[in-house]
Amino acid sequence: MALSADGSRLRARNDNTSPRQARASATAQSFSLRDWMGPASWLLTIAVIVIVFSLLNPRFASVENLRNVLVQASVPLIIVVGTTLVILMGSIDLSVQGVMGAAGMAWILLVPNARGGTDLGAWAWPVALGVGLGLGLATGLIYTRFRVPSFVVTLGTWNVGLGIATMLYGDDLLPSLTSEALSQWPTRLTLGLPNGFWLSAAVVAAGVLLIGFTHLGRGILAIGNNEPMAVVNGIPVARIKVAAFGLAGLLYGLAGVLATMELGSGSPGVGAGQLFTVIPAAVIGGTALSGGQGGVLHSALGVLLLIVLNNGLVLAGVSPDYQSGVFGATLLLAIVVVAWPHRDRLRIAK
Amino acid sequence: MTPTIEPPVLRLTDITCSFGPVTAIRSVSLEIKRGEVVGLVGENGAGKSSLLKILSGIVTPDTGRMEINGAVCNFRGPKDAFRAGVGVVHQEQALFTNLTVAENIDQHRSDGGMMSRLGLQSWSRVNRDAQAALDKIGVKLNPRARIRDLSFVDRQMVEIARAVCIDPTVGGTPLIILDEPTAVLEREETAVLEREIRNLKAFASIIFVSHRLDEILRVCDRVVVMRSGQLILNKATAAVSKDELFHAMAGRDAQVVHRSNKRIATDATPALAVRDLCRKGHYRDVSFEAHPGQIVALVGSNRAGCGSLMRGLFGAEAFDSGQIAVGGRNVSGWSISRAVKAGLAYVPAERKVEGMVGGFSAARNIALVHPGQAAVGPFLSPARCDGMAQTWFDRLDVHPNAVSLALGSFSGGNQQKVVMAKWLNSPAMKVFLLDHPLRGLDPGAAQTVNAQIRQSCAAGAAVVLIPDTIEEALEMADTIIVMRDGEISARHDMAEAAALTVETILEAMV
Amino acid sequence: MSNAARQAAKAVDVPRPAARTPVATKLTPSAIWQSFGPVIVFAVVLLMVSVRNPAFLGGTGLSIVAESAAPILLVALGQAMVLNIGSIDLSNASISLLGAILLALALPGLGIGAPIAVLMAVTIFGAINGAIVAYAQVPSFALTLGTLGILDAATLVTSGSETIYVSQNQEIVTTLYQDRLLALPLTFWIGVGVAVLYWALLRFTRVGQGMTAMGKNEPGAIFSAIRTRWLKVLAFAISGFTGGLAGVSIVAQAGSASASGLGSDLLLPGIAAALVGGTAVSGGLTNPINVIFGALTVAFVPIAVQTIGITAQAQSLVYGVFIIAVVVMTTHRSRGAIVK
C-alpha cells in the first residue's frame, strides 16, 4: 500500500508545506507582509496619500472633497463586502457589473421615472434586491452543482445581467428619476456625512459581523483555508458557497440601486469599472485571492485607499482616462508582491 | 456505585479491509484498556496507516467489529470518530490555520444552543469549552490565538486538546492516536511531548505510532507490531527486547541474501556522485556514488528524506549546499531540463500526477521527453510516434495494445511500463532515479519493470532506487544506503555484506 | 456526514488502487462535442435562420457573418491557445483594440511598416503577460485583469477618447476587408489561415505538444523536462500577436479605430467562440479549426436572435448563457477534486 503517498497528498493540500518547511519558515513569517501591512499601516498609507495630495491641491483636504470621496466610495464599499465573501473562499466573482446593471434597471423602472410605467414605491427595493439575490444564487448553484470554475460562471452571469439590463432598457425613453427626494438621497447629509456612506458603512459592519460571528462566516474562512479538510470535517461546503454567492449578488443589487440613484437615471452600464476597483482593492487590502486570508475590513480599507488615490489624482490634474490604468497597475503590483516570496520550481499557477 | 467491569476503550475484532485487490488489513483484533499507551510499529506498508484510517473514520472496514467504550461503532466519517472520542493527531496537521485555537478544538462538537440554531457563533461558549479542554491536558495556550501564529508543538497540543474534548453526549474515555508526532520535532520538543503523553494517561488511552523504537520503548506500556496487514506481536514493553521487535517487523530469521553477478566498478568514473548534499529540514551531508551498471538503493522510513533527496538529484527541488557530479563533471545551476540533458531520468512515486500526462495518448507520453525517431528537429510526426510506441508496447508487453488510448485509462502496471518507456526512449540514459517504481503494481508488471531496470543497468546506466520494501532493496541493489532523519545511518556494499538481513537494515532505519 | 462528503474524504486519503481507475471510453460526451459539436451547432443555427429567412442563404448573409466573425475568430484563436495551456487571457481583446488604435495612428506615417510594427508591439505585450504569469507565478485571470485595466487606459490616452480616422495609406489595410475570396473578406481568410497554422503547431511540433501536455497536467509536464515557463510566455505572446491581427482586421473593416467603436467589445465573444469551438477551460483541449465554427456561431448570434424574433438587446444575455451552458456541458469533473 502506498503509505507515504498519502502523506504527501495531504501535505500538498495543506498549505503546500511540509511541517519541516513550515517550521523553517516560521521565523520568516513573523516579518511577512501580512503582519506589517495590517489595518493600522493601511490607515497610515491613506494618511500619507491625503497629506501628499493636499500639498498638491489644497482643495483635496477640504470637508467638501472628503464628503465627495465618501460618496464615491459608498458603491464600491458595498460591492467589496460581497466580493470579499467570495474571495475568502478562494473563489472569484466577476459578475458585479452585470448584476448591478440588472438590479439598478429593475429598480428605476419600478419607481417614479420619466417613462412613467409602474410605480411600486418602496416595493421596488425588494424586487431589485431580489434580482441581485437571484442572479447570485443561480451563480452559486451552477458553480457548486456542475462544479465549473467560478470565474467562468461569473463571467457568464456578468453578461446575463448586462443582457437583462439592456432588454429592460429597450429602445424607449431614458428612464431618469423624477423624484428629487430619491435622486438626492445618497448625497444628502445625516450627522454630517452623506447617506450613501452611512449605508455602505452599515453593510461593511454587517459584513464584519457575518465573518466574525456566524457559522457561515467561519465556514467561509475554513473553506478558504483548506477545502478538502472542511469537507472531511462535515462543514456544509456547497451550502456555504451558494449562500456566499447569493449574498454577494444581493449586495451587488443594493450597490446597483445606490449607483442608479446617484446617476439619476437608468443605465445598463451603471456598474462600469467597478470590477477594476473592488478586486484590486481587496487584494491590496490583504484579502488573498487564494482564500482564507484577510477580511471585510481589509478590503474596505483597500477601497478607501484606491478611491482616495483616484480622487487625489483627478484633483492633481490627471485625466480620468488613467483611472483604470492606475487600478490595473495596482492590482498587478499587489498580486506580484503577494506571490513573489512563494515562487518555487514546482509551484503551479494557472 | 458498584465497580463493574469496565469495557475496554477500544476493542477490534477480526477487522479486515481491502482496497481493490490489495488486502491492507487482515483480521486484526486488538484491545486497549483505559489509560494505556500502546506503541504501534511496522515497516512502510505494513498496514499501520490503514488501521489508523479505520479508527479515524476515513475508511470503513470490510468485515469485523469495532467497539469504543463498549459501544459498537460504524463510523460514516471522521466527524463520527471525533464524536465517539477518537482523536487523531496527524503527522500533517489537520488544523485550519486561519482560525483560532478554540474554533479548531470546537470543530467536531455539536452545539444545540440558541445562538447556534440562529447560525451565530457563540464565542464565549467556544472559548470556554476550549479553555476547559486545554486545562484538562494542562497546556497553557490562549484559545483566542490563531493557529498560524503557534509553534509546531503547540499545534500538536491543540490537536490533542481537540481529541480529548469529547462530545458530552457520548462520554467515555477518549482514545488519542498520535501518528508519528515526533517526526517533525526537535529533541527538546520531543521531551515535552513525551511528558505530555504521560500526563494524558490519567484520562485517556493512547495509540502511539513512531518509527523510533527507543521512543516507543520509553513511552509505551505495550507494543504492537504489524506486518503485511497482520498483527504479529502484542506484548508489554517490559517483556520485549529491541531485537525481538526487529525480528517481528522483519518477519524472517536472519535472511541471507542471494544475489548474483554483482557489478563493482570502483575505478571507473561514477555516473552520479553526490558530495555533502544538504537541504535544510529534509536531508544533510549526503554523499554517495553510483557507478555505471550499479543499483544503489536508498532505504528509510517515510520521513527519512529519501524522496526529497531524489527530487534534489533530478533538479526538481533546490538544495542548499553540496555538490552533484554527473559523469565526473560537477553540475551548476541544476534544474530538471539540465538533469534530463545530462542523461538523468526520474520515475516519481506519484505516478499519475507527476509521472505522466494521463489525458495524453500512450504514444504521446512516450514522445514527451525524448521523441527520438518521431521528431525531425522541432517537428513531430504523430504516425511515427505511434510506430515508436508500438515497438515499446511489444517489447514491454503493455495491455491493452492500443498506443493511441489515453494513458490515464491504462492500469497502474501498464502505465508504469509506459513511463519507463518514455525515459528508455533515449539511447544516452546515464542515471535512472526510481522513486517507488513498483508501487501499486501487480507481480507480473513488477517483474517486467524490474527486468527493464536490470537491462538498463547491463547497458551501462546507473540506477538510484527507493524501493517499496527492504526485501526489494536486498534483491535488486548493489549498494544499500540507509537513511534516518535526513542523514545516512548505514551503508552496505552487497559484495562484501553477504549475510545482510532485513533486521540489520531496520536497525539503522529506526 | 453526507455521502458526497464521505466520498471526498476517501478521495483525500485513500490510495486508490489502479484497478479502480475509471476506464475512459473513447466516446465520452465531451469527446463527441470536441470533434463534431462546433460544426453541428453552427449548422443548426444556420438552418434555423435559413428556415425563417430563406433569402439569407442566397443573399449576402453568409458574407456578413464572416465579416463580423473575423475579429472574433482572431481573438478567439489567441484565447484558445492560452486556454490550452490551462490559463486565461482577459486582456487580449484590449490588446487588439490598442493595436487597432496604434495602427490607425501609425499608418499615415509608417505605411506598410505600421502593421508590422504594431504586430511586434502587441506580441511583446502578450509576452510580458506570459512572463509575469510564468515567473511571478500569479494566477493568469487576476494578472490579465490588471493588464486589461492598464491597456484600457492606454487605449483612451493614445486615442484621446476620439475616433482615429486613417487619413493616409488607408488602402494598405482596407484591401484586406474589401478584397474577397469566395465572397468572404480576406480578414476572415487570415483567421482561417492562422487557425490552420495553430492546429499544425499543436499537432506536429514539440512546442505544441508541450503546451497541450502542460494544459492537461502541469506537474507531469514539468517532470518530463518540458520548459513550461517558456511555453507560457510563448502562449501569451501568441495571444497578443493574434489579438494584433484582430486589431488589423478592425481597422481594415472600419477604416478607423476608437476606444468605444467597432471591436471594443470582443472579450466575451472571443471567449465564447473559443468555448463553443470545443476548447476546455480546464486546459489541454483545443482544436483551432473548430474555433472557426465557434466564431461563426458567435457572430451569428445577433442575426439569429433577431430572426427568431428576440430583440437585439438580448445578445449579451445569449453570450452569457452560451458560455455557462458550454462550460457546464464540457467540463470534465473528477470526483473529489476541488473546484475554485
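The first chain written gets the first letter, and so on, giving A, B and C; residue counts start at 1 in each chain.
Keep in mind that, in the parts below, a contact is a pair of C-beta atoms (placed from the backbone, for glycine too) under 8 Å apart; a residue touches a chain by one contact, two chains touch by 3 or more.
Only a predicted model underlies this, so the values are computations on that prediction, with no experimental measurement involved.
Student: Among line, ring, star, complete and other, which best matches the way these chains touch?
Tutor: The chain contacts form a complete graph, every chain touching every other.
Student: More C-beta pairs touching across which pair, A-B or A-C?
Tutor: If we tally the C-beta pairs in contact for A-B and A-C, the bigger total goes to A-C.
Student: What whole-number Å value describes the gap between the mean CA coordinates of subunit A and subunit B?
Tutor: 42
Student: Centroid of subunit A to centroid of subunit C, CA atoms only: how many Å?
Tutor: 27
Student: Counting only residues that touch at least two other chains, what does the list for subunit C look like?
Tutor: Touching at least two other chains: 1, 5, 9, 12-15, 219, 222.
Student: Among the residues of subunit A, pick out those that touch two or more other chains and give their numbers.
Tutor: If we look for residues of subunit A contacting two or more partner chains, we find 1-2, 5-6, 9-10, 232, 234, 345-346.
Student: Please list all residues of subunit B that touch 2 or more other chains.
Tutor: 19, 22, 58, 77-79, 316, 336, 350, 440, in rising order.
Student: In the complex formed with subunit B, which residues of subunit C make contact?
Tutor: 1, 5-6, 9-10, 12-24, 26, 203-207, 209-210, 212-213, 216-217, 219-227, 284-285
Student: Give every residue of subunit A touching subunit B within the complex, in rising order.
Tutor: 1-11, 14-15, 18-24, 26, 29, 212-218, 221-222, 224-226, 229-230, 232-234, 292-293, 345-346
Student: Hey, which residues of subunit C end up touching subunit A in the complex?
Tutor: 1, 4-5, 8-9, 12-15, 86-88, 132-133, 135-143, 145-154, 156-157, 161, 218-219, 222, 268, 271, 281-283, 311, 313-324, 327-328, 331, 333, 337-340
Student: So in the complex, which bits of subunit A are touching subunit C?
Tutor: 1-2, 5-6, 9-10, 13, 90-92, 98, 142-143, 146-153, 155-164, 166-167, 169-170, 227-228, 231-232, 234, 237-238, 275-276, 279-280, 283, 289, 291, 319, 321-332, 335-336, 338-340, 342-350
Student: Within their complex, state which residues of subunit B touch subunit A.
Tutor: 19, 22, 24, 44-45, 47-50, 58, 77-79, 90-94, 96-99, 103, 107-108, 116, 119-121, 123, 148, 151-152, 183-184, 280-282, 302, 307, 316-318, 335-336, 349-350, 436, 439-440
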